[in-house]
Amino acid sequence: MLNIAIIGAGRIGHVHARTVAAHPQARLALVCDPFGDAAESLAAEYGARSCKEAEEVFNDPEIDAVIVGSPTPLHIPHLLAAAKAGKAVLCEKPIALDITDVEAAKDELDAITTPVMFGFNRRFDPSFAAVREAVAAGRIGELEQLTIISRDPAAPPVDYVKVSGGIFRDMTIHDFDTARFFLGDIVEVHAVGQNLDEAIKETGDFDAAVVTLRAASGAVATIVNNRHCASGYDQRLEASGRDGALFAENVRATTVRLSNAEVTDAQEPYLDFFLERYADAYRIELSAFIEAVEKGTPTPTTIADAVAALRIAEAATESARTGTVIRLG
Amino acid sequence: MLNIAIIGAGRIGHVHARTVAAHPQARLALVCDPFGDAAESLAAEYGARSCKEAEEVFNDPEIDAVIVGSPTPLHIPHLLAAAKAGKAVLCEKPIALDITDVEAAKDELDAITTPVMFGFNRRFDPSFAAVREAVAAGRIGELEQLTIISRDPAAPPVDYVKVSGGIFRDMTIHDFDTARFFLGDIVEVHAVGQNLDEAIKETGDFDAAVVTLRAASGAVATIVNNRHCASGYDQRLEASGRDGALFAENVRATTVRLSNAEVTDAQEPYLDFFLERYADAYRIELSAFIEAVEKGTPTPTTIADAVAALRIAEAATESARTGTVIRLG
Amino acid sequence: MLNIAIIGAGRIGHVHARTVAAHPQARLALVCDPFGDAAESLAAEYGARSCKEAEEVFNDPEIDAVIVGSPTPLHIPHLLAAAKAGKAVLCEKPIALDITDVEAAKDELDAITTPVMFGFNRRFDPSFAAVREAVAAGRIGELEQLTIISRDPAAPPVDYVKVSGGIFRDMTIHDFDTARFFLGDIVEVHAVGQNLDEAIKETGDFDAAVVTLRAASGAVATIVNNRHCASGYDQRLEASGRDGALFAENVRATTVRLSNAEVTDAQEPYLDFFLERYADAYRIELSAFIEAVEKGTPTPTTIADAVAALRIAEAATESARTGTVIRLG
Amino acid sequence: MLNIAIIGAGRIGHVHARTVAAHPQARLALVCDPFGDAAESLAAEYGARSCKEAEEVFNDPEIDAVIVGSPTPLHIPHLLAAAKAGKAVLCEKPIALDITDVEAAKDELDAITTPVMFGFNRRFDPSFAAVREAVAAGRIGELEQLTIISRDPAAPPVDYVKVSGGIFRDMTIHDFDTARFFLGDIVEVHAVGQNLDEAIKETGDFDAAVVTLRAASGAVATIVNNRHCASGYDQRLEASGRDGALFAENVRATTVRLSNAEVTDAQEPYLDFFLERYADAYRIELSAFIEAVEKGTPTPTTIADAVAALRIAEAATESARTGTVIRLG
């Protein structure tokens, strides 16, 4: 039984609290948040303790592991302090918006042996993971082309966009990790940014993009992103190989289809957003974290993954702004 | 090159005329219809001759084969006269509404060697035929349960219903033939008739039905019929066997799917009715007829099939009226 | 918070234990099973108490509600004793195999006000329930024909079949309830039994069947059952109405599709069996039970439903054996 | 009735001959091919005349229209000669491999009023055209992102690749036209070429590619190409707009689906190659050509379309070779 503390009682903190509470090998021991009664209120739901200062988490001898769900600028300070205190850490993405900060954190972490894992939840989605396993098992031969469609149901508030680090660091970062999950090292990046939303354009950010990544293997990944999608949270991928192809389709709440004089076999809108769409992924991610902690095996994602994804995001940002192709490594 | 005459210039006559005209080994030579300028007008479209009297067709030495598309009461007289005149015959369904008439015709035909084929078009539908072939090839092991969904887009005029012989002889007859095509001899029939349409109810006929057929093999076929269907012409079947199942789904004009805030992956309505849905089947049926005539091989459907399907229809009619299960020979 | 006891620590008992433990408003307080350490072992997993005598459950003042998952012959004694002790009861299906026993129990229960609910889990399946709601909301107009496909992945052991009460009481009972859920009162039953499995045939039972039910409304339900299905647990239904149709399709663990030189868009086998397929249904069923208990509202299923489904099962058994149509009520 | 001559009796000439012969308003009058008995043999199948010299076609007063299906280097000489002789022309793609030749031809054609149409067959595919019409009708709001997947079943012979002008001029040219069909003017091109096939690599050409096109409207098209695909001829597109999305899926010969212990709802491989996949498109293309000729209306594709597609192909070739983004006009 792992005693877990959560730092940050916001939306993602609630997701983790529920997931931890339902996990047979984990116990939600402590919730920490400096604002109002956020920590107290969330902790009360699950019979956990609460606090306002992160220091209390790091100093609490009962705590085995910390889930860092604080605002992005605090991710590195919190994860380093927790790791130095000997706690296992599961840190939400993006680890930070500046690659130099992340590289510095990586240097510090490389000297620490406690398990530190990063929340690239797509890797734990049952459908994406099943495609990855089937590729690894040789079901479609050598992987040649990966196509990722990733569209959010609706754009976030402009105030969020302004501090988000831009679409590539904030949204595409997941797809960059997925591309690396399937293809390994990326050596070349090209991005086209689109401005379909006037309010986001005014912030200097894009709200849609198409990114092409060439992997060291010669395979190519294509990512199509959009901050809004009328049909719901559009999350698909297809992996095309020498001997076949695998597709992970959108998820709906039910299997119901409707036929009438206008439509036939119509399905319902896709699950609305990441909390619903990736509910299983959060659960499986937590299991993978707990298993690594308890068995002392490597975590399935590491800070090296966070560094690599962020480097691609920086390259994409530059490519989209300058209209050039960026080479990595 | 087979010189073909068509008797009957109605809706089905037009289908056959177009199919014959487009067939590389057939020539539309003559169209016969006693009413107005129906024959002349249809013949003119394809550069064929026309006449008003069926006798002229039977006596025309140029004619190799006759397609009988006259009103149902004339099917037997026309097919017998054509066969006796040495013409090959392709006769539309239903051959007749009274089983004793059909059995008498069968006796006469059994003494004649000219090829006589019956228009059970479902057998020639590419999807149904592919399922049949896959079953025969053992792809799903021993066939155990066959489910046929067959719904028309809209009920025919009440005046047609009155002379149709009833839903089982007029509409389900195709599905009875399909059941025999897959399962062979049928030994037990149960039918439930439904009255969903008040106007049809007044004629004494049903406008929807569910029929259960037990085959000599022990397999069971279920037929779900309805004279109307909001989504179009609903024509599906599934064959379930020991080792798997095969499905023939509805056909649409395109592969287009639509997603928006109300529906996702919605397809367009099914092809409207039999002329569109079974256009390929009519073409392949004609090819099968021509091949049998030219090679002197047996036709893929015979009057024995017409007799067998009609016997099931009579049993279903009785079962639906009396609420009993009917056993066949 | 409802304190719940479970009687019966077998397969279904484990399902309910997990579901209760994960439910935010329920607490697994007590597990009862007379055999070996079954109760103790299951209780230990969830920190509950255990006992061997059902009497202890009924006399325990802490217990608010009892889930009856004991062997079928004990269902009625257990549910009556629990109800008389003032406990709310959720009883597994089938309530009993003999209609007279159930009717007697119904008479007793009619005089007791404590909530007693029956585990017809299909009603709580999200897809079936969504179809039901869409029908009730008029999305497809008046419901005309309901088609239920229900096939188990593999036949149960012959020893189970012998005491199961036969396929209609044991397996089809769920589909009879589904038919009533959609269509209300059933007035006419016809069943064809099939013997595809020699070992089950020797027990005098069928292992496959097609049942046709006519509702008082004039709608007809068709049920296609099979004790085995190569593709997994095949659980579908389609509701066809005047203005459209609704389909609930099979469920898979992921959305993955595979294309290669042999197949395209191939999906994985259906979820294996009822524990996986209806996991959500058991959870929602429990919520519905708890809500009825806590609010004092009627339970969504009652002993009247159990009586009605069992009467249909008896009629189907008789119809399949005699080859006649049975009228109810 | 339009009297049509076909120049070139190769594979595409056979397609057009069959399509012309089956068209109610067209007559195949003449087939021209200089090699062996190719013209004579093809003409004989349809009762047409044949010749070996293209001059005979241009000088034949009976000929109303010419379909140019000769080798690519002869397309411009043949289409110009035919147009100057007053014949309507339908010219196969690619019009030529060198943009300066095509621009010169365009200058000449601009001074001639006879209808000259180019064989961009995707525009006439019923599914692609239906998506285009739905977009134009506003079904998905403003079009934002177009994704085209286009994979051939198998690479052409290396000898063909050597003279093909490269993957972008030979294969992607269709997709460039499709992108223009949906998005209008393209202003920016980025291409990544892949070398998955060693034999093609030795010719200096790519055998797979991902191309990103930015339209003047701000919309972006992504094209994923591959010279081979294990599942057949993979031809899909999705158009994503502000209010929804439309998909054109792959086409199969039947609607059959197979379920067994390994796969469920598996469909058969995609139609093999362009002759089968675009059979309807060739037919509709011919109808559009005939209608334009007979009504004197503009042809749906013009040499301006050929010029525009070829310019994109040249830009893609340069982008893939240099790793830069190319801006157009």
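Labels for the chains are A, B, C and D, by order of writing; each one numbers its residues from 1.
What we mean here is this: a residue touches a chain if its C-beta (ideal position, glycine included) is under 8 Å from a C-beta of that chain, and two chains touch if they have at least 3 such contacts.
Please read these numbers as outputs of a predicted model, since none were measured by experiment.
Participant: Decide which interface, A-D or A-C, involves more C-beta pairs in contact, and give its chain pair.
Facilitator: Higher contact count goes to A-D.
Participant: Which chain is most remote from subunit B in terms of Cα centres?
Facilitator: Between subunit B and every other chain, the largest centroid distance is to A.
Participant: Would you kindly tell me how far, in whole Å, the mean C-alpha position of subunit D lies from that of subunit C?
Facilitator: Inter-chain centre distance comes to 57 Å.
Participant: With chain centres taken as the means of their Cα atoms, state the distance from subunit A to subunit D in Å.
Facilitator: That pair's centroid distance is 42 Å.
Participant: Give the residues of subunit B that touch two or more other chains, as numbers and ranges in rising order.
Facilitator: Residue numbers touching two or more other chains: 140, 230-231, 243-245, 250, 258-261, 265.
Participant: If you look only at subunit B, which of its residues touch subunit A in the complex?
Facilitator: Interface residues on the subunit B side: 230-232, 250, 252, 258-270.
Participant: Please name which positions on subunit A make contact with subunit C in the complex.
Facilitator: Subunit A reaches subunit C through residues 22, 126-127, 130-131, 134, 139-140, 243-251, 253-261, 265.
Participant: Looking at the complex, which residues from subunit C come into contact with subunit B?
Facilitator: So the residues of subunit C touching subunit B come out as 140-142, 144-145, 147, 149, 151, 188, 190, 192, 194-196, 208, 210, 212, 214, 218-220, 222, 224, 226, 228-231, 234, 240-245, 323-325, 327.
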